[in-house]
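Which chain is which? They are A, B, C, D and E, in the order written, and residues in each are numbered from 1.
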Amino acid sequence: QEQFIGLPSYRVGPFGANGASLYGGWIDYMAMINARDGGINGVKLTWEECETEYNNARGVECYERLKTKGATGNTVFQPLSTGITYSVLEKVAQDKIPMVTIGYGRTDAADGRVFPWVFPMISTYWTQASAIINYLGTKEGGIDKLKGKKIGLLYHDSAYGKESHAILDKLAAKHGFTVEKIAVANPGNEQQAQWLQIRQMKPDYVILWGWGVMNPTALRTAAKTGYSRDKIVGVWWSGSEEDTIPAGDAAKGYTAAGFNVAGTNYPVVQEIQKHVYAKNAGNMADKDRVGSVLYNRGVVHGIITVEAIRKAQEKYGKGKPVTGEQARWGFENLDIDNARLTQLGAAGFMPDLKITCADHEGAGKVKFQQWDGTKWKVVTDWIQGDQSVVRPMIEESAAAYAKEKGITPRDCSKES
Amino acid sequence: MMMNDLIHVAPDAQLAVAERRIGGVVLDLQNISLSFGGVKALTNISFDVREHEIRSIIGPNGAGKSSMLNVINGVYHPQEGRIMFRGELRQKMEPHVAAAQGIARTFQNIALFKGMSVLDNIMTGRNLKMKCNLFQHALYWGRAQKEEIEHRLKVEEVIDFLEIQDIRKTPVGRLPYGLQKRVELGRALAAEPSLLLLDEPMAGMNVEEKQDMCRFILDVNDQFGTTIVLIEHDMGVVMDISDRVVVLDYGKKIGDGAPDEVKNNPEVIAAYLGTSH
Amino acid sequence: MQTNTAAAPAVPAAAPYLSINNVEVIYDHVILVLKGVSLEVPKGRIVALLGANGAGKSTTLKSISNLLGAERGDVTKGSIEFKGARIDRMTPNDLVRRGVIQVMEGRHCFGHLTIEENLLTGAYTRSISRTELKDSLEKVYHYFPRLKQRRTSQAGYTSGGEQQMCAIGRALMAKPEMILLDEPSMGLAPQIVEEIFEIVKDLNAKEQVSFLLAEQNTMVALRYADYGYIMENGRIVMEGEAKGLANNEDVKEFYLGLSGEGRKSFRDVKHYRRRKRWLS
Amino acid sequence: MLYREAGQFKVSYQEDQQIFPIRQDRVGFIAILGFFFLAVPLVASEYWLQAILIPVLIFSLAAIGLNILTGYAGQLSLGSAAFMAVGAFGAYNFMLRVDGMPFLVALAIGGLCAAVVGVAFGLPSLRIKGFYLAVATLAAQFFIVWALVKFPWFSNNSSSGVISAQQIEILGFAFDTPVSKYLLTLGIVAVLALAAKNLVRSTTGRSWMAVRDMDVAAEVIGIRPMFAKLSAFAVSSFYCGVAGALYAYAYLGTVEPEGFNLDLSFKILFMIIIGGVGSIMGSFLGAAFIVLLPIFLNVAMHALFAGSMPAGLGSNLELIIFGGLIIFFLIVEPHGLARLWQIGKEKLRLWPFPH
Amino acid sequence: MGFFFEVLIGGLLSGVLYSLVALGFVLIYKASGVFNFAQGAMVFFAALTFVGFQEVLPGWTGLDADSNVVFWLAFVLALAAMIVLGILTEKVVLRPLVNQPHITLFMATIGLTFLVEGIAQALWGANVRGLSLGIADEPVEWIMESADILVSKFDLFAATLAGALVASLALFFQYTKVGRALRAVADDHQAALSIGIPLQHIWAIVWAVAGFVALVAGLIWGARSGVQFALTFTALKALPVLILGGFTSVPGAIVGGLIIGASEKLAEVYIGPFVGGGIEGWFPYVLALGFLLIRPEGLFGERHIDRV
C-alpha cells in the first residue's frame, strides 16, 4: 500500500539553495514516518521529485506528469512557487488534486468557499504583514504607540513584493503610522540608492520584504549606511540562514518573522536524526543545515501533509491510500491542536492549526526570531495577525475573483 | 530617355535594337572633393558620363576609384562639388534613392547576400519594382503570387542572358568567385538600370571568363542602351571596350579621353601603366 | 626591369620539397571538391597553379596550410609532405614555424588594426628582438612604399590594393621558406602586379623562398613561374615547364586569350563559342 | 533512391514557386498536418497535450517570431519574452474591457499591441548593430516587465499583478478541454507558420535577408533598411505577441509579468539557434528540442538513478548534460537541426552513393 | 547637496564593481569576437570554488580556517581551477567552432553557462555561503566626519583593485605582441590562423585571464552579498556598462561603469519616486541605449567597418 506524493522541487537556479533545504526537510520527515511508523497506518509514503527550476512552464509540466503517478494519483501538489501556484490554480480544481501553499501563493485563496482546492495554510502574506505590525507595536509598548511612526517597506519589485502594499496601507490608516515604500529591482544585488534614501528618511523601522540575494545585500548595505539592524524586520522569506550567513556580521541583531522556528532541539527533528540520519539515509547533502529555518519549514510541510492524509484515512478507511479528493477533505478538516503538536514533537516548532471549510489559512500567527551572528534565536511567542482587517480583505478579493470567473461560493454551513 | 526593357523584346528582335548611339551628358560631376578624416580620397575631380557610353575609371590602387562610385550612388557624400544627374542638381541622398533613379551597381568585394540562392539574390534586384505589401505577401495568393511570377519571368531572362541557368537554386556562398561576380551583375541588371556602375567586375577571372564578362557588358550596353561606368585594372579590357577613360591618381584626375589618348599620356604611363604595357 | 625568368637558379630536380599526393577534399561532408590532386614544389622554385574559377586552386592551397578545418572542409584522402615530413595533421601555427605560410585569397587583413600592426602580427611566430623586427618591417616597407604611407590607417579603411599589399607584406614578416600565394594579382593595378611578381622573383632568387601560387592571370604567372599545373574541376589536367605550357596551343587559347595570330580584342570575342574541357 | 526530385519537371514558374516544390516534401507535409490534426487528438494523453504539445506549439510560434527578426532580418534580440507579455496583457485587457470581444480578434489585437511596442523598441536598430543591439533589446525586456508590474491597470488592479485569462469561446464554442485547446493552438500556429513561410519567400522576406546579409549592398540596390528592419520588428513582435496571448489563454491560464522574464527570452533564442537560424521548420524543431530535452533528462535521471544519487546532484547533472548537449549540437552542426535535416535529405538524394 | 554627493559617490563606487565584471566580457570579446555569456557563471564558479576550498582546506591540512595561509591557498587553487576551466573551454568548445558565426559562438557560451553552473553546484553544493575579505564594509570615518558623506572602505578598496586591473590590461592589449595578436584574432579568425597565430594558445590565455578577472570579481561581489547563485546576475549589471563603454575597450569598461553606476543611483533616488521606484533594472539599459544612438559603437568601442 503506497501513498504517492509528487514533489515539484527545485534544486538548481537562483533559489536552488532554498529548495535543497526545504525539500530536504520535507523528504526527511516522510522518510522518518516510513522508517519509524512504517508509513501512515501501514500505508508507505512514496514520492518523486520533478525539477521545476522555479520556472512556471516546467512547473506545469511537472504537475501534469505527476498527477497520474501512484495508485491513487498525486495526493497533493505543493509547488513552493507562487508563479507555479497561479499556473495550476484552475487545473487542480478540474483534476481534483488539493494544492497546499504554505506561506506563499494566492492570499485570497484562504477563502475556502471560493477556492475549495487551494490551501494557503498557517499564514498568508497579509496576516504576516499584520503580525509584523503587531510585533512592532509590542516593541514600542503597545500598538497605539505606532501612531506617528514612520515605517519603511523595502520590497522586491515584483508581484510578490507588492502583495504587502494594500494591507500595510490599511493598517497604516488604522494605526496612524506612515509607510514609505521603496522598491528594489530584481535581483536586488545592488541597494546603495535605496539605503541612502532610507538614511535620508530615517524611518523608525524597516520591513524587509525580500527574496534571494536581495536579503543579505539589504543587511550589508544597511550596515554600510549605518542603519541599525535591530530595527529591520524581515518576512519569512527573508528570515533564513540563507539570508543571514552571506551577510556576515552585518546580519547581527536582525529580526524576522517565521511560521516555524530554527533549531534541532525539537523532538521531531531529533526523531529524524535518529531514524533517518543515523542510518545514513538523510536527504541533505550538508547535514549541518538540518534544523535550519528552511529545513524545518520543510518538516512543517511534511507534518501537514502526513496529518492530512491521516485525517483522510480516518474518514475513508485506515490503511488505504487516499485519493486527491479524499486528501482534500483531510486538509479541510485538519486540526492540529497543541496536544497533537506535542505528540508530534513539534510543540513551539509550528503553530497550532485548524482548517475549516471557509478558512483555509488556519493558524494566522508567526513567531519572531533574531539572528545572533551564528544562529536564529526565538524572541517572541506566537503573534497573531489582525484577522479583523485581513479576513474582510481576503473575502473581498475572493469575491471579486468569484465574480470574474462566475464561481458560486460554497455554502459552508452545508458542508459536513 | 530610352527605358530598357528586358521583357518585351524577343531574343532575335534584340539584335535589331543593337545600335549604339552615344547621347548627351547624363551624369555630370563637378569639382568633387571627398576626404575621410585626414585622408583625401578625391580632390577636385570633374568629369561627365554620356548616355549609352562605356566610361572607364582607371588608376593605381587607392586612387579613389571606388570612392568615386560611392559618391555617384550616394554611399559617400562629398564635402565639396556638384553632381548633376539627368539635368538635375543632386541633393544629398541615400543610396536607395539613387537606386530608385535607375542607378545600379556591383561591388569590388563581392557583396552578394550570402545566405540566399542565386535566384533570390537576383530577385532582390527587382525589389523596387514590386508593389505588393506585407499582408499580400503573407497570403501569397492572387496579386502577390501573380506579381512574384511576373518578376520571376524577368529574372529568368536575366538568368538566361548571363547563362547561369544551372545554378539558379544554389546558395551563392558556395559558388566560385567568377560566378559570384556574374550573379552580382545579374542582380544589378534585374533592376533594369539606366546607369550601371561596375567596380572591377573582372578581378580574379581568367582570360576566358573575362571574355565572357566583356561580352555581357557589351551586350547590356548594346541591347539595352545602358550607360556603364566601369572600373577595371585589366588594361586590355579597358582599352578594348571603353568609349572614354578617366584616370585617377591619389585622388586627382590625371587624364581623361579616348582609350588611345589615355594610353599614350605620359603622366598616366608614369603613374599607372608602367612601361611594360 | 627584367621580365625574363629563364635564369632561375638551377636547382637539381632534387628530393621533393613540398609534395601533395592524391589529395581528396570534401566540404560539409557532402561536397567533393578535390578529386585526387598530386603536385610537387621543388625547393627554390616558383610553381604556378592555374585553372578556371572553382577549379579548386584555393582549396588545394588551404589543404596544404591546413586552413580547411575552419570552413568545414576535410582532407579525406592522400598525404602532404614538406621537407620529408608529413604535415597534413599539423596546425597552421606549426606550419608557419616550419616556414610554410599562406596568403589567402581576398586579402583578409585585420580591419581594426593599423597597417603597421597588421604587419607586426605577421611576425608573431618569430621570437626576435625589437631591432630585428624593425628591420623586417623596413624591408616590407621597402618592397611596398605605399604601405609606409598608410602605416597608421586602419586596414579596414584602405583600398583593395593596399589591403592586398598588406596581406602579402604580413606574410613576409614571418620570414617563410615556402609561400602559398592565392591570387596575388587580384584587384591590383598592372604596375603593382608586375611589382609584386618582381618581389616574388626577388625573394625566390635572393632568399631561396619557394612559391606555390594560384593565379588567374596566366600570362604573368607563366612568365615568372618555373613550372605550372593546370586544374580543372578538382583534378590536375596538365602540367609542365612554364615555357612549354605558355606555348601549348590549348593553354594559349583558353588561358591566355591568344589565338593564331595574337591577342584578340575583347570586343571581338564571340559569345557563342563553346569552351573546351579536358576530361570530366 | 526514394527521395529525389529527378523526373519531376516544373512546367511553370508557378509550380516552381510552390512552398514545397518537391513532391515527397509535399506529401510529407500533408501527412504531418494530418497526423497532428487528426491522429494526435485521438491518441495523445492529457499530459502530452497540456504539458508538451501545447507549449511546444506556442513556443514554436514565438520562435518563428524571433527567427523572423534574428534569423531572417539579422537583428539579434533578447526581448522576445517581453513582447509575449505585451501580447498576453494586450489580449487580456481587450477581452476584459471591450464587451463581447471575440477571442480571435483579441488575439490579433494582442499581437498588434506587441507589434507597436516592437517597432518602438526596434527604432534603435537603424543605428545599432549586432551585440550592441542585442543588449539594447534587453532594455525592452526589463522595461516592459517592470511597467506591467508597476502599473496595476494592466492587470486590472489585481493585488499581485497576476492576470487570469478569460475562458476561450469562439462562436459559442467553449475551448476548455485540453484537446480543444490543442486544436485551436495548432490551427492558429499552422496558419501563422504558413503565413511566415510565405513572407520569407516573398519580396518582404528577401529584403529582410538582404539587410541581414549586407545592409549597405541592400540599400544600394534600393531596399530601404528602415522599412525592412522595422517591418521585421513589427512582424516578429506580432508573432511573439500572439504566442504570448496563447501562452496565457491556451496554456497557463494565469500569468504574471515576471513569467515573461529574461530566462524565457533566452529560451526562445536557444530554440532558434538549436533549431536553425533562418528556418521556419527549425523553429518547430528547436522548440520541441528545448522543451523536451529537460523533461527527457529529468525522466531519464529518475529512471536511472532514482534514490541512488544525492538529490541535488541529479538536477545539476541535468543542467550539465543540457549545457553539454547544446555545445555538442553546435559543434556537430552550427546551423541547427534544420540544416542537419537538410543534409540528411541531401545524403538521401545521393544515396546509395556517398557523394 | 551632501546627499547628492553621497549618492553620486556611492554610485561611482558601485560602478567600478560593474566594470570589474564587464572587464571579463571585454577581454574575451576583444580577443575572439565571442560574446561570452558565461562570464556571470564564471564569476559564480570562481567564488564558489574559492569558498569551497576555504571550507575543505582546514580539514585537509589541519590549518586554522581563518589563517592567511588558507586564504591564499584557496585563492591559488581557485585560480588554478579557473585556468583549467579556460583551457578546457578552448579545447572543447571554441576549437571545434573556429570561424563560425558570432551567434553560434554566443550560443555555445550559453551552453557553457549551464555546464559551469551545474558543475559548480555539483562540486560544492547549492548552499549559500558567506565570504570575508577582512575589509569591513563601513564608512571611512574621516570623510564621514569632515563632510558627512558616506564612503565605504570596502568599496574604495574594490575600486582601487578594479582600477589597477583595468589599467594593466589596457596596457597589455595596446602594447604587447600577444595583445596585438588577440586583437587580430578578434577581427578574422582564419587570417589569424593563416599567419600562424596559435588560436588555441591565445584563447586559452584570454580565457584564463578572464577567469582570473572573474575570480577577483567573484571575491568582491561574494563578499558583498554572499556566494550564491545570484552572483551570475552580476552579468546583467555589466551588460549596459559594456555597450556604453564599447565591447572592445578596456578603458571603456571603467568609464562605462562609472557612468552607469552614478546615473542609475541618481535616477533611482531622484526619478524613481515619481514612477514607483525599482527602475534600476532597466534604467541603465535605456541610458546606454541613448548613448548608442549617438555613438553606435559605444563610447570607446571600435567602429564597425563596413565598406563597399
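Keep this in mind: a contact is a pair of C-beta atoms (placed from the backbone, for glycine too) under 8 Å apart; a residue touches a chain by one contact, two chains touch by 3 or more.
The structure displayed is predicted, hence computed values, not measured ones.
Looking at chain A and chain D, the chains in contact with each of them are E. Counting C-beta pairs in contact, the pair that comes out ahead of the other among B-C and C-E is B-C.
Averaging C-alpha coordinates per chain and comparing to chain D, the farthest chain turns out to be C. Inter-chain spacing, taken between the CA centroids of chain C and chain E, is 44 Å. Chain B has its Cα centroid 73 Å from the Cα centroid of chain A. If you average the Cα atoms of chain C and of chain D, the two centres end up 47 Å apart. In terms of their C-alpha centroids, the spacing between chain B and chain D amounts to 41 Å. Residue positions 117-118, 121, 125-126, 236, 276, 278-279, 281-282, 307-308 of chain E are each in touch with at least two other chains. Within chain C, residues 31, 157 each touch two or more of the remaining chains.
Looking at chain B, one finds that residues 66, 75, 107-109, 111 touch two or more other chains. Taken in their complex, chain C has these residues touching chain D: 26, 28-32. On chain E, the positions that touch chain C within their shared complex are 98-99, 177, 180-181, 183-184, 186-198, 200-201, 248, 302, 305, 307. Residue ranges on chain E touching chain A, taken from their complex, read 3, 6-7, 10-11, 14, 117-118, 121, 125-132, 137-139, 150, 152, 154, 221, 224-230, 232-234, 236-237, 264-265, 268-269, 272, 276-282.
Across the complex, chain B meets chain D through its residues 73, 75, 94-96, 98-100, 104-105, 107, 111-116, 120, 123-125, 127-128, 130, 132, 134, 137-140, 144-145, 148-149, 152-153, 156, 187-188, 191.
Contact residues on chain A toward chain E in their complex (touch as defined above): 11-17, 19-20, 157, 181-187, 189-190, 192-194, 196-197, 199-200, 212-213, 216-217, 220, 223-226, 241-242, 245-248, 250, 285-286, 289.
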